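Before any comments, here is the structure.
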Amino acid sequence: MKLKLRIWRQKNAADKGQMVTYDIDDISEDASFLEMLDVLNERLALEGEEPIAFDHDCREGICGMCSLVINGQPHGPERNTTTCQLHMRKFKDGETIDVEPWRAKAFPVVKDLVVDRSAFDKVIAAGGYISAPTGTAPDAHATPVPKVDADKAFVAAECIGCGACVAACPNGSGTLFLSAKVAHLGLLPQGQPERDSRVLNMVQAHEDLDFGGCTNTGECTIACPKGIPQEFIGRMNRDWLSASGK
Amino acid sequence: MSDATEFYSSGEPIADTKAPAAAPVEERWTQRKFDVKLVNPANKRKKTVIIVGTGLAGGSAGATLGELGYKVIQFCFQDSPRRAHSIAAQGGINAAKNYRNDGDSVHRLFYDTVKGGDFRARESNVHRLAEISTQIIDQCVAQGVPFAREYGGLLDNRSFGGAQVSRTFYARGQTGQQLLLGAYQALMRQVDAGNVELHARHEMLDLIMHEGKARGVVVRDLMNGEIKSYTADVVILATGGYGNVYFLSTNAMGSNVTAAWRAHKHGAYFANPCYTQIHPTCIPVSGDHQSKLTLMSESLRNDGRVWVPKEAGDSRRPSDIPEDERDYYLERIYPAFGNLVPRDIASRAAKNVCDEGRGVGPGGLGVYLDFSDAIERLGRKAVEAKYDNLFQMYERITGENPYEQPMRIYPAVHYTMGGLWVDYDLESTVPGLFVLGEANFSDHGANRLGASALMQGLADGYFVIPQTVGEYLAKNPATAVPDATVQAAVDGVNAQVEKLLSIKGERTVDSYHRELGHIMWEYCGMERTDEGLRKAIGMIRALREDFWQNVTVPGSGDDLNQSLEKAGRVADFLELGELMCIDALHRTESCGGHFRAESQDEDGEAKRDDENFSYAAAWEWTGGDKPVLHKEDLVFEYVKPSTRSYK
Amino acid sequence: MAVTGALMVLFLIGHMVGNLKIFFGLEEFNGYAAWLRTIGEPALHHEWFLWIMRVGLVVVVVMHFGAAAELTARAKRARPVKYQHRPKVNGSYAARTMRWGGVIILLFIIWHILDLTVGVANPHGVHGEAYQNVVAGFAPDRWWVTIFYVVSMIMLGFHLRHGLVSAVQTLGAKNPKHDRTLNVVATGFAVLLSIGFLIVPISVTLGVVD
């Protein structure tokens, strides 16, 4: 395949950055999107130019490290698929492809396509856990959990923390990510004692970290590679209202 | 067979002195916990612990040590601790809960693990692992890990290779993810409480030694290139496996040996480096662009049938090959176990048929895993219910629909049993340097059973290290590390960075990595020979020399520079690869993940040599000269070595 | 946001029902307008209820607008650098037009009050003669007023379509089991309300009411 790539290059956080055009040829349809960038980077390195920085690690769609907004869509055009799992056969020969980083105040660009997502860790640190000191746990069967709750909690827990929801949200909101964790822990009996403080603290942290507010536009769910449903946002709002009322 | 001592020399034997060997195996851990000295709570605050790695092993250790009151400083190279490669584990985690009432017990798990490891692991350690396994499940459930449950609300189990009982706990195909998130969340709680100081996107590049003890690390801040140093009372490495020495593996792109290797150069022995697990069901390579391999869960072999054409070079489409021209080779050779033979056997059989020219797909490196019988027998719905997510993943990657045409699979490097040598307390041969998880060599011998790496990582981090590190800290009051010592370590790292940047040669880092991978896969992969290994050692040496003359690392050292990160890792792989070949060369037996062509029986099955090789090989670095071999004799008091047979 | 939105919705329902009385002729409509001013009497003074409602509505609109402005400002802050490639709208169109739609509605309300309450923008513009005002306001030669109303009502429809579902979600009352019902109800309600309002100016312009 032959492609024209327009890629965001930005030397560092202070740099303004711009789109740079690269022509690339001989790309296999079986290559993944990131492998296509690898090929380009090999060429750039040999030409003495600096390769394009982008985040990635597992390349299996689970670590949440890869990002990239491809033609205006976080993780590209294929639904429920991370960038690392996206393959070139989804594009047309000769196509022009725009590649940009996640854009959000809370995720400042470090270099080129790499952003700093530590804000998500801070949201989790604010309450996205169950306090269970090591060694104090009762037998795992002490508390049965209804299968429906366990399954639903699992769906929420599938979030890979990639940040595509923020990138897609017109408000730059991380509410889907936030609500997924609130729902995961709030659905389990083990999560009940801290349910109120968790939602209050996490919502507060999310706001303090410069994420936008949610107006229920629903772009996040569609961009989410794990298809985390919007219903968790409603659930979180309910928890929040009830906790605020106490 | 020719002598391999031109490549290494022999040193003093080595032994674990920490396990209370006099006690019966099931009492050793209890005994040890009682024997270790405790650090009183007020003093814990004054003790600093460095942990490198935030996977299951490091994450659980950080959370627990922080909670106990130690001052923890923790690092990972990813942008968040939650992205450590443990996240990718699919299948499950073993525990001897016996919730099925099917005859499981701590002893049985112990037995299965020792046997699965082909009698090359230390009994004391494995028994402790089996004991702790049950506590792990309790701990994870309390943290909110959403394990699969049954309608009654109790935990579900599945069975896994190498066991006759159902003891594997799982969370759909994402067990590693869920366990890691549990540990990560617990860790973030400690970060919030101020007990853990976390540095993501920091890569450890050297160990700081003082008075013969590990006292700190030199790290590079990957965001801005700054080289920084941190000192502590003790250093813990939990940096994962080194499968990426093969370039293509199921590991994450960033998985590396750097932290362990640089510790090795300070005196930590590297044990059994050649024990590599090769997983039979991965998606084959599709072209030169290939950057990593994706595992397809082993469970597929429950319903898929493996075959290749009978004729070499048969390039017809699979549907055009009639039944009697297909060779269901696993069912043919291993009638008793059929498609369900253990990983190493399935992998080697695939390699053999491909070597005969009967492989399928691009480059002839693949075999079919066919579900048409299963679809006919069970109906498409049932197959969907079991495997749909895997089938979708396969289709996403290959563009082929496994409901309509057979999957193509090929073995790939998956796990490394070898690692830094540790004793019962998980302390390496460098005092004050502890090693956890896949980075150590401890529990899996020559072959790891499915679902036991997660168990080991969490056992090490949640339950073992919190007990044993106290013993060390109580007995080794730390003295201040002189500034000059720290500065020297920092200077060393700076020098390496500058060296790499200044070569400005003609070849990219990846091209070296790929070539090294080819050599390792060809000569130190599924089947190893005396001749091939010797050749490989020569090739690796030449390649390494060329690397230091001719590599090009664009960009500078003072900002984010992914080429530079890779260059450092590949430089270490180029040294490790040689040691792996030497280890493989010296071990002339076949065992577990190490198959020497010279050591097989008439049927082509692996032949262990207990008389000569019932030891763990711990290698000492000698500054680039011949490494020194220290043998740790393995004693089997409880599980008597026997031959595996799956016919 | 949700609470103020809901209050306005309540007002709109009442307002629409009142407006439809125009089809029963001049007396009934003007009588209704007059009655509006007497609600609460004798406990309240003449027109007090109306004034209380007006103040209440202004407060609600200001709060709603304020909250919208705050959210918008927060959104701007949260994404200081725009995408080069225009983000693809995958979600609903209604959701994406809440802000501009809201502004159009606000402009509409201002015009509308000048037109039919204060009367300065109305060719008839006589207090107490609501019927005549309406008929004059939407006279066929003032078709552009009608068009402006039509556009505004369509925006209002969109705003409500998303607003209703959104409010339910914001108040945490959304239950995924009833998602479809909720969507149907919201769409139905939005369409009904838009049509209910539009039918009046259109009828006048087409001469059905005169």
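Which chain is which? They are A, B and C, in the order written, and residues in each are numbered from 1.
Following the convention adopted for this analysis, a contact is a pair of C-beta atoms (placed from the backbone, for glycine too) under 8 Å apart; a residue touches a chain by one contact, two chains touch by 3 or more.
Everything numeric here is computed off the predicted structure, so don't read it as measured data.
Engineer: Chains as vertices, touching pairs as edges: which of line, ring, star, complete or other describes this one?
Structural biologist: line
Engineer: Return the chain label for which the distance between chain Cα mean and whole-protein Cα mean is smallest.
Structural biologist: A
Engineer: Once every inter-chain C-beta contact is counted, which two chains account for the most?
Structural biologist: By number of C-beta pairs in contact, the leading chain pair is A-B.
Engineer: Need the CA-centroid distance for the pair subunit B / subunit C, whole Å please.
Structural biologist: It comes to 64 Å between the two C-alpha centres.
Engineer: Which integer distance in Å separates the CA centroid of subunit A from that of subunit B?
Structural biologist: Chain centroid spacing, subunit A to subunit B, equals 27 Å.
Engineer: Mind checking the centre-to-centre distance between subunit A and subunit C? Centres are C-alpha means, answer in whole Å.
Structural biologist: Distance between chain centres: 38 Å.
Engineer: For the complex, which residues does subunit B have touching subunit A?
Structural biologist: So the residues of subunit B in touch with subunit A come to 60, 63-64, 67, 78-83, 85, 87-88, 97, 99, 135, 137-144, 146-155, 171-172, 174, 177-178, 181, 184-186, 188-189, 191-192, 198, 200, 223, 252-254, 286-287, 289-292, 294-295, 393, 396-399, 462-463, 466, 506, 508-511, 552, 554-555, 559-563.
Engineer: Contact residues on subunit A for subunit B in the complex?
Structural biologist: Checking each residue of subunit A against subunit B gives 11-12, 27-32, 34-36, 38-39, 42, 44-46, 48-51, 53, 55-65, 78, 81, 85, 87, 89, 110-111, 114, 116-118, 120-121, 124-126, 128-141, 143-147, 150-151, 153-154, 157-158, 160-161, 184-185, 188, 190-191.
Engineer: Which residues of subunit C touch subunit A once you look at their complex with the stated criterion?
Structural biologist: Of all residues in subunit C, those touching subunit A are 71, 74-75, 77-92, 95-96, 98, 162, 165-166, 168-176, 179.
Engineer: Which of the residues in subunit A come into contact with subunit C in the complex?
Structural biologist: For subunit A paired with subunit C, touching residues are 6, 8, 17, 19, 69, 71-73, 98, 100, 103-106, 109, 168, 170-173, 210-213, 215-219, 222-223, 229-231, 233-242.
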